[in-house]
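Same chain, two partners: chain A is paired with chain B first, then with chain C.
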Partner chain A sequence: MNVALAILWKDLATEWRGRDRVVAMAVFSFLVVVVLHFALPARDAEEARRLAPGLLWVAYIFAAILGLNRAFALELENEALAGLALAPADRGWIFLGKAAASFVILGAVQAVTAVVFALAFDVDLAAIAPSLAIVVALGSLGICAVGTLLGAVSVRTRYREVMLPLLMLPLLVPVLLAAVDATAGLLETGTLRWRSVQLLLVTDAVFWIVSFTSFEYVLDE
Partner chain B sequence: MSQGASVPAPALAAYGLAKRFGPVVALAGVDFTVAAGRVLAVLGPNGAGKSTLLRILAGLTRPSAGHVSLGTESGRPGDRRHERGRVGYVGHATFLYPSLSARENLVFAARLYGVADPRARAATLLAEQGLTAIAERAAGSFSRGQAQRLAIARGLVHDPPVVLLDEPFTGLDPTSADRLGAGLRALADSGRAVVLVTHDLAQAAVLGDRALLLVRGRIAFDSGPTRADAGTLAAAWREAAAA
Partner chain C sequence: MTAPGPGPSGIERLTARLRGPTGWLLLVILVPWLAAVAWAPEDSVQGVVQKILYVHPPLAFAAYLGFLLTALAGGVFRWRGDEAWDRLARSSAEVGVLFCTLVVVTGPIWARGTWGRWWSWDPRLTVTLLLWFVYLAYLLLRGFTEGSERAARFAAVYGIIGIAVIPLNYFAIELAGGRAIHPENLARGSLGAGMGLPFLLGTLASLGAFVHLVVRRVELEGLRNRLAERAGADGGRGEEFGSWDT
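Coming up: the complex of A and B.
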């Protein structure tokens, strides 16, 4: 557990000093929202509610891919990833620390994106903020688990920027479907769709357990 | 020797280590042992397999065949986590985070290794390496020599019984190199087994209690338990290169 906490602290400290990841993710998701705003024809409130869940998660997943790609690229400098792999602990804790740091950073970007999105699409997200935060957190847990595991795999490949989304997006289909459906339910009725939340919980649990246990082998050369 | 006297187990032993990267054979069956308090110098031309050997010994790379033993007193041979904790590895790269200070890098490494008091250990190592005055500076601003000293401190943060160093003299000025050489000797004198990969025949002759010459993944020369002088090593190198 100490290893995970040490890595969480290290990732957040380096991000706080450089802010390269969070700024890139925030600017990118802002641009995605702006492009979607201008790309879609004029809407009424009903149509905006219908489209909003999918569009919001498009912005979130693009920002996540950008951030998760950077999470391990930073470990390539001075071969720091090998330095982590040498630690005499279960390497699952390394996964946990990296994934937790990505979750925190992605959460900050998602909060800002939600505000921009609500303004751009004239959707009242404030009324459902607590429930939406739960859905977004559950979706992000799945994204960060898969992204961290596959980020560690793809970082040593030649086409790592392309490889991560290619590997990650197919696996995230159930997470994204459930997250979009749960968000749609919130916007339509203001209540959580438990079937979608249950799917998120199950997929998150599977992804975190598989990633934790397989990280020992992922970091081997 | 009295009858029944036991031979101490080596601190580090390699048995039949082989490593292939696709069709490329990096190591083709390497065996050796290193006792506590001894320095093994591993020499060889570029591409001989020296760095691959060290990465296998450190637990970073799995061998295609053979295995490594790092002491037996724990009764847990083959426990990779336990074995990683017995090794201090200083590689070509420094493993440092440029935006963290020297002290933060060491405290972070100490926490990875579960050191009881990370801040106290970091302070001790900074003092030993003469880096206390610049401990709060970002590691990214360090010169090559300062970064190398910090990398060595990082490798020793958990006080390992086996120390592996890959070309540690690269980029050091003569004063720093002398200081590092004395430091390596002191490590061995304090009971650690040291494996030193180097191109420098003179350094190998001065520091190594035993020397291995690795050529194309095989041991081409082994000085055995005796120290080899630079002339002997140079002759072995020339002979291996000509073969």
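Coming up: the complex of A and C.
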């Protein structure tokens, strides 16, 4: 457990000093929002509300891919990844620390992206902010679990930046569909749709258990 | 990783035993199957396009079998560390992707003829399509990972998540309002008179072809390993597997 906290602290401290990952992710997701705004212009408030859930999650998932790719790329310097693998602890805890750090960083980016998105598409996200935060957190938990496991895999392959989305996206379909459905429910009625939250919870549980137990096999000494 | 003991491993013995019978099964079944398909009655509503029934679901059974086998063999490899299981996982993924590609190609031909459009986002179609993507990614992952031992470990992990995600995908697509128009189950006596035999023969032919191709692929991989071992070209692996030579 201490190992997980130490890695979480190390990742967040590194990020706080450099702030390169957060800035790159945020700028990229703003760009995605702008591009989406022109690609799918919403003519009225009704249409904006209909398009918003899917588009918001597209921006989130792109930002997440960018961030998760960096999470292990930075461990390649000075063979830090081999150091992590040699840490005298269950490797599940290493996974937990890395995934938690990615979750915090992604959360920060998602919060500012939501503000930009609400302004660009003129949808009122402030009114549903607390429930939306729950949905986003549940979605990000799944994304960070799979992304951390597969990030450790793809960083050891050729074309690593390309490999991560190829591996990750087909697995993230349940998370994305459930999160989009929950967000749409929030925008329509202001209440959480239990069915989609349930699916998010189950998917998160499956991904966290599988990733926690499999992480041992993806780190090399 | 534990080195295989002296002599062929269980998988090698099994593939050697299966190669002949499955090959003969294919040869023997091919002509009766084609004849049965030709003589099978034409569907009164769908017309001749319905005859794709004797190809499409049998291919799908084999494709699903391939992905299940990939995950299982990957799981056993992870547990026992015997490299022969990884060869089986890899082979059944490759053959499974081939069969799944044929499913994804034959499906729209049938759909165009009966539903009037090439593709619908029905849950079963979508789940199959996503599985196809997962196993394409599986093969890419193997291709882009250096070192066969590392590739085997990564692939085992990915193959297992790929299977775990199937039920989740199914629920998610239903949640997103994917309308189910794909027929449910053929085993419930929904086949018309004279359609049962060609369907059965088609299923046997497809599964026979699947097993035969996997067996051949496993053998090829084994030969490749032995060659690499002999040439000592594969660095660490040559040492690892050459040590029991007596």
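Here is the rule we use: the second predicted complex is superposed on the first by the 217 of 221 C-alpha atoms of A that agree within 3 Å, B and C clash if a C-alpha of one lies under 4 Å from a C-alpha of the other, contacts with A are read in each partner's own complex, and residues count from 1 in each chain.
Following the convention adopted for this analysis, a contact is a pair of C-beta atoms (placed from the backbone, for glycine too) under 8 Å apart; a residue touches a chain by one contact, two chains touch by 3 or more.
As the structure is a prediction and not an experimental result, all values here were calculated from the model.
Asks: So, A:13: does it touch chain B (first), chain C (second), both, or neither?
Replies: first
Asks: So, A:128: does it touch chain B (first), chain C (second), both, or neither?
Replies: A:128 contacts neither chain B nor chain C.
Asks: What is the contact status of A:3 with respect to chain B (first) and chain C (second): first, second, both, or neither?
Replies: first
Asks: Looking at A:153 after the superposition, I want to know if it touches chain B, chain C, both of them or none. Which is it: first, second, both, neither?
Replies: The answer is second: A:153 touches chain C but not chain B.
Asks: Applying the touch criterion given at the start, work out whether A:105 contacts chain B, chain C, both or neither, answering first, second, both or neither.
Replies: A:105: touches no partner chain.
Asks: Is A:220 touching the first partner chain B, the second partner chain C, both, or neither of them?
Replies: both
Asks: Would you sort A:84 into first (chain B), second (chain C), both or neither based on which partner it touches?
Replies: Touch status of A:84: first partner only.
Asks: Which parts of chain A are touched by chain B and by chain C alike?
Replies: On chain A, the residues that contact chain B in one structure and chain C in the other are 220.
Asks: If we count contacts the way the header does, which residues on chain A are in touch with chain B in the complex?
Replies: That would be residues 2-3, 5-7, 9-10, 13-14, 17-18, 77-80, 82-90, 220-221 of chain A.
Asks: Would you mind writing out the residues of chain C in touch with chain A in their complex?
Replies: Going by the criterion above, the answer is residues 78, 130, 133-134, 137, 140-141, 144-146, 150, 153-154, 156-158, 160-162, 164-165, 168-169, 171-173, 175-176.
Asks: Mind pulling up the chain A residues that touch chain C in the complex?
Replies: Those in contact with chain C are residues 146, 149-150, 153, 156-159, 163, 166-167, 169-171, 173-174, 177-178, 180-181, 195-196, 199, 202-203, 206-207, 210, 214, 217-218, 220.
Asks: Inside the complex, what are the residues of chain B that reach chain A?
Replies: Touch list, chain B to chain A: 55, 58-62, 81-87, 89, 91-100, 104, 108-109, 111-114, 154, 158.
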